[in-house]
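What follows is a pair of complexes built around chain A, which joins chain B in one and chain C in the other.
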Partner chain A sequence: MKKRILKKDLAGKMPLLPNIMYMIIFFVIPMALLISYSFFVNKGYGRVEHTLTTENYINFFTNKYYIETFIASFIMAVIISILAILVSYPIAFYIVRYKGFKMKLASSLVMVPMLASSVVTCFGWYIMLGNTGIINSVLIGLHMIDEPVQLLYTRTGVYIVLLSGQLPYMITSIMNGIASIDENVEQAANTLGANPVKIFLTITLPLSIPGISAGMLLVFTGILSAYVVPIVIGGGKVNTLASLIVNQASTTLNWPKAAVMALILMVMSSVAMFLNNKLMESKRFGGGGR
Partner chain B sequence: MRKRKEKRVPILLRIAVSLALIYILAPILVIIGSSFASVANLTFPPKGFSLRWYQEYFKDTGWLNATWISIKLAMIATACTVLLGSLSAYGIEKSKHRNMWLSFFTTPLTIPTIISGLALLQFYNFLEVERNFWAILSGHIVFVTPFVTRTMYTSFYRFNHSIEEASWVMGAGKVKTFLLIVLPAVKSGLMSSVFFAFITSFSNLTISIFLATGKNITLPIKIYTSASFDPTPVLSAISTIIIIITITVMMVMKHFGDHE
Partner chain C sequence: MDALVIKNLEKKFGDIEILKTINLEVKQGEFVSLLGPSGCGKTTTLRIIAGLLDATSGEVYINGVNVADVPVHKRNNGMVFQNYALFPHMTVAQNIEYGLKQHKISRAERRKKVREGMELVHLEYLAGRYPKQLSGGQQQRVALARALVLQPNLLLLDEPLSNLDARLREEMQMEIRNIQKKLNVTTIFVTHDQKEALSMSDKVAVMNKGIIEQYGTPEELYDNPKTEFVSTFIGYSNLIRGVVSTKDEHRMLLETNYGKVQIPLQDGLETGSRILGLLRPERIRLKKTFGSDLNCIRCTVIERVYAGSSIRYTVKTITDQNVVVTVIAPDESNNLSVGEEGCIQWLAQNMNLIEVNDEETD
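== the complex of A and B ==
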């Protein structure tokens, strides 16, 4: 009898098997390898010696340039997450609450940059940000500036482009958050005499926090792994942890160093995810986190 | 519900939404505009009108090769991920530990993509295997399958399982039931998985850049390298083509989604 149950259980697991095997070979083992590489000795040009050392970590944390880049990447991810909320909220609110053709159009248009490759939109920004690009032309045309402002190859330029690319993710997350609010609660507040501003601040906004939080997580990890924009728009002058990883892996071929940076990146995104999960689980939101 | 349609949009909200939309869509519009320019320097608004950059794209074997590799990659990746993802989603739905399995299979989504790419690169390097087309494919499958698994899991979850059980009771085998009863019921989830998998793989740069070698340059990699080293309006032309493909696929996807 016991054997039969076991057999049935195994048969039920059969559909899971191919993916489990695939994940183990192409995800779990490579990740384990990545962790072990961070403790190997670098021999240059992509070669490593398989003896364990903590030198790679010490090198990273004692290198001023790496620490500065690490902090700059973190600050970038935080600032862009916050800016993204401010820009995305109105548009998400509009799409969810005002039905009709325009809203349908807006919600589709927002998705386009998310699905088209990030290199494509990045290239569009490259054209716009140049000294003769549309942004400078418009600003000069409006007599707001006399000389073109240098935007390409600056941190400001990188921020402008990164924020634009992350908005679709934030908008869709906040949309989910707002859509799950029971509008009857707002109606009730309205009937009881609260004004629209008060309703928004005390009901709509707090209840959409799960959506905002999920969006922040997406944007935060998205910015942490962004390297196309820092390289193309920053032109090598604005580095992030991710662009350093790509450099290490493609030019210097220092695997242990790349592995250390990748793991630091992973710790940062894991912490963000942990905080997000904690927020979702907290009683205030009824544990309905997704 | 009917009343909502008549709700007036406050003017401030309208301005904020318009500005945000311009901010999001500006690069797309600029690319499309500049692809029709007749001069070689990249400016916007474009000077003149010509289709020469499109002609140049279709004449350049480098660009065409990259396009073909990306299409091939996306097609095979779609087939593999939809198969793997649907199977595991079906299995998860039947399992007692749904949450555990679902979080296991979607782990690649929770870590920055750049890390999975780097890990696979080191994996092939460690095995001393030459990285070829199939190596890139293996990375795409790792990255895309979780999306399919999640979408298909939702579809299976919504499906009324008493129909499936009825089919078993009536004597249809498990495989026959799956093919004739379950699969048609989750058709719309399957369709959106197919389109999403294709687009995600086709436009992927992060994984490909770690796994590609000179022989297997995908389209996003070629766009990325020429944008960093020698930006020309040919880039705008090919980007416009990609944007049009994306919008078309998206509309088809929406169409299937609406008929659910």
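== the complex of A and C ==
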């Protein structure tokens, strides 16, 4: 009886086979390797001894430098996400609501940075942020500062470049969010006595939350795994979880330690994704729940 | 004082004139329908009344006040949108409470009014639900309650029933009308469904291509349509076209596409005047016999649809025109079969005569 149901179930799922294979090859196997490596003993130069140990985890969580870098990465991801929301929301709002040719142009311009590789944009910024670069030159020319401000190889510089790289994702997500708001709903609020400011605060903004949340997820996970920018702009002075992982995996060749860090990064991204999904499922945003 | 007066309202989108001199007067407590085909400007008119659109020219007076400079949120009109436009992130109770909050009504008072609003549309048991969890009919009720708790100057309804299935629609027609009477709220109801307009309204404004063709009670519109459009949009009319051929002290003779028709003398018509006669199917008599009667037009039955209490015939006149005739309570003398010959006849006062200008007939 039970077997037959099982068979029927399997037959029904046959069309899913390619997807399942894909998941096994590109997700399940690498994950299994990553997890098992994190419990192996490091023998240096990328070699491991296949005995299980929790030493790698204990090592990570008792190392002050790692924990600080971990917290700094997390804080950076949160701050840049929030900055990205603040900068992107007005831009997205104007692009969606003020139609016409200029706005069409603006919305395609927003996408352009997504096309360039991060290495290319990074070197562009590298030139602009230098002591004799355009930013310092302009600020000095405007007499806003007397001495060049050190931007290269600083946390501020890294923040500026990371933020600029993430804006297109945030703007596009928020644009989608705002575009899906039924304007009749805002007009209904208007007829019920809400003035434009009230409409924005009580209707438009709350209904933009799914778009904001989706953008935040993209930016948050994007920043956590950012690696080129911290290395090039930070010049080795700004460490992030991702740069630590690369260090351990390709320089120090301590693969179990790299595996532990990679898993921690994945857990953080997964938590962000989980929270985002929870929000999307909630009834008020049109999610499934009855 | 009239609750709503619209004077010479005109609206252009770019160069296209969507509304051309709309005039309308609605008394306090009246239920008025704007009826017309899709695209004729009903929604545009309603939105201008609400203040969501600006008129190109003309005035709107609500309770005697010209509202040109009154912003939407100060007009206190309750509007129900075609897609209901409920706030998806608020529960039923919060939706209904929204307007009360905007009007800074105290918490205790709000609670009382929300409860009354939900009772009015029988939704008490759904207070905590979100719009997504409601059926179309329930959403409709929430939208209605949300608009009504503010005791609005005008209740503006934009095709509120068009997304409901037939049975629910009839139920809601009754309910909306009952609520409207109970609260005595002046209501403008937009619809493209002539039956709905006739059965619900005190008065109907029939709109076509940006003008009001006729404004009157349902009976006036049905029995005495003033234009060809009104006579064909509301119910069915047979159209008789012709000219006045001769005229004496008492009667006139019309040469029409149905044949010769004699009618009593009418003001304004001269020999040579072109006329359009509008004739309802149930106002025509169909007979088996055709004696020497004047105004008895010979015809052959080409279609017969039996519906118990009535029979609907399509007959072809000897002038080769199709005429629809509804025989109510048929008996031996007027129960014809397809192919049978007979004659049609009507009382002159049952034919609406309109003089037409050459330009209008194209």
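In the analysis below, the second predicted complex is superposed on the first by the 262 of 290 C-alpha atoms of A that agree within 3 Å, B and C clash if a C-alpha of one lies under 4 Å from a C-alpha of the other, contacts with A are read in each partner's own complex, and residues count from 1 in each chain.
The rule we apply is simple: a contact is a pair of C-beta atoms (placed from the backbone, for glycine too) under 8 Å apart; a residue touches a chain by one contact, two chains touch by 3 or more.
Small disclaimer: the values here were computed from a predicted structure and weren't measured.
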Between chain B and chain C, which makes contact with more of the residues in chain A? B
In the superposed arrangement, does A:Ile203 touch chain B (first), chain C (second), both or neither? second
Is A:Ile245 contacted by the first partner chain B, the second partner chain C, both or neither? first
Contacts for A:Leu192 in the overlay, against chain B (first) and chain C (second): which applies, first, second, both or neither? second
So chain A touches chain B in one structure and chain C in the other; where do those two contact lists coincide? none
For the chain B and chain A complex, residues of the former touching the latter: 4-5, 7, 9, 13-14, 16-17, 20-21, 23-31, 34, 42-45, 83-85, 87-88, 90-92, 94-95, 101, 104-105, 107-108, 110-116, 118-123, 125-126, 138-139, 141-142, 145, 149, 199, 202-206, 209-210, 220, 223-224, 227-228, 231, 235-236, 239, 242-243, 246-247, 249-251, 254
In the complex of these two chains, what residues of chain A are touching chain C? 182, 184-185, 187-195, 198, 202-203, 206-207, 283-286, 290
Listed in rising order, the residues of chain A that touch chain B in the complex are 12-16, 18-20, 22-23, 26-27, 29-31, 33-34, 37, 46, 87-88, 90-91, 93-94, 97-100, 106, 108-113, 115-128, 130, 132-134, 164, 167-168, 221, 224-225, 227-228, 231-232, 242, 245-246, 249-250, 255, 258-259, 262, 265-266, 269-270, 273
Touching residues of chain C toward chain A in the complex: what are they? 50-52, 71-79, 81, 83, 85-90, 98-99, 102-103, 130, 132-133, 143, 146-147, 150, 156
